[in-house]
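Some structures are shown below for you to check.
Shared chain: subunit A. Partners: subunit B in the first complex, subunit C in the second.
After this line comes the complex of A and B, so read on.
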């Protein structure tokens, strides 16, 4: 498994655990807004990323990303994982 | 303000109050998002027609989604041309079968934000994260009671409505906003970066344990 695959699995895990969603429903193209039922769920997801990755995946940055793929790419860039 | 709840119109009549552009947008939405989206659009059109005394039907106004902000409105003129209502801003919120909307003139009010949420129990980590340090000390939201849940939900709603009024939405962390005063007991003040924002907060409980907050600043 490549580092990018591991990172992808990790991001999907965070989303799946936080939102109680089946992993199959979460793809790179999935829009974050479509996964969350409301703004509170969106907030919970944002702080889950912050908690999981520390300040590296800071709230202020992740809140501006749209899709699951955007989050994976952003995390990959931070961790110097080739996309 | 206009409140629309599930059952006040039939989705079968959607063609009578939506424009072609809105129908295309509706078709692209996930099914789970469609009802609230529709309720919000209808609430916004109705409040605009009423408050602005527009002589059009609901399908004569198009609600235009704006990325990261409240929607804009445009009139569809008899000749088919569109006219943006640039001097009018909108405020909109919806939650599980209830939508609330308002319109206001940008020349008179800096910003209006609405938020509606059903009273819920927040987990401890979420509470800690969205509450400001002073709020954690001031508000009794951590015990296992319905009143604590109501207060926590109300504080969340005030913060979100304020952030919408400011045009930030959740791009600004709600924990950076501090509310002073217990909203159950009287007026509150909202502080942003330790400065009084001068915002006016009104709130009400709606049937079904919904809390509706309006913030004007």
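After this line comes the complex of A and C, so read on.
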């Protein structure tokens, strides 16, 4: 498994655990706003990613991520994993 | 749409009717109230109370979100219906409290009218802006604590803000007996932490930034 595959699995795990969604529903193209039932859930996801990736996350950058793929790319950048 | 987002403290009775309608619509969608009853008007009746301040978010002049702050008075707070026992010791300790309630964002409208590429950022900015305005107002009028009744499914969010649970889980009769938890948030302590640069979560830092 490549580092990017591991990172993808990690991001999918965080989303699935936080939003209580089946992993099959979460693909790279899935829009984050479609996964969250309300705006609080959107922030819960942000909190979960902050817990996972630490204080390197910047609010203004994270809220601009639209798809699961965007989050994976952002996390890859944080961890210096080639996307 | 221009996506011109604004926030204000509502002072217009006509606008309050729109706010009430939005809350009812979102609560119906969540299953908190049924569509064939008058429970919608029941849950929003305190909006007209002079001790309740209602904030609205408008997107190109359309109301897309709201939150209310019911300041404690001799009439009590909406959540006293089930959590009076938990709130009374706080009152007896001399703390000034207000209940943050009816916090809704019109997600359906946003989904139908906003480009998908802008949806997350606009929804986040509405949520953050409403919370920020209610906190700023609370600090301005010298409140000590915010209190909330929340659905347990959202406990992670409120606990991440630093809110502490009081009492046990109960059922809220006015929202179809949905499970409810009471939380207290010390806004003054958070403001002090913000001044010292001690806030740990990025969301809190954003909420208390000037």
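Operating definition for what follows: the second predicted complex is superposed on the first by the 82 of 83 C-alpha atoms of A that agree within 3 Å, B and C clash if a C-alpha of one lies under 4 Å from a C-alpha of the other, contacts with A are read in each partner's own complex, and residues count from 1 in each chain.
Here, a contact is a pair of C-beta atoms (placed from the backbone, for glycine too) under 8 Å apart; a residue touches a chain by one contact, two chains touch by 3 or more.
The model shown is predicted, which means the values in this text are computed figures rather than measured ones.
When both complexes are overlaid on chain A, the residue A:79 reaches neither subunit B nor subunit C. Once the two complexes are laid over each other on the shared chain, residue contacts for A:42 go to subunit B and to subunit C alike.
Of the two partner chains placed around the shared chain by superposition, subunit B and subunit C are both touched by A:63.
When the two complexes are overlaid on their common chain A, residue A:3 makes contact with neither subunit B nor subunit C. In the superposed three-chain model, the partner touching more residues of subunit A is C, compared with the other of subunit B and subunit C. Comparing the two interfaces of subunit A, the one with subunit B and the one with subunit C have residues 37-40, 42-44, 46-47, 59, 63-64 in common.
Residues of subunit A touching subunit C in their complex: 18, 31-33, 37-44, 46-48, 50, 55, 57-59, 62-66. Contact residues of subunit C toward subunit A in the complex are 30, 65, 105, 107, 110-111, 116-117, 119-121, 123-127, 154, 156-157, 160, 200-203, 205-206. For subunit A in complex with subunit B, the residues that touch the partner chain are 34, 37-40, 42-44, 46-47, 51, 59-60, 63-64. Interface residues of subunit B, counted against subunit A in their complex, comprise 30, 32-33, 95, 115, 117, 120, 122-123, 125-126, 129-130, 156, 160, 170-171, 173-174.
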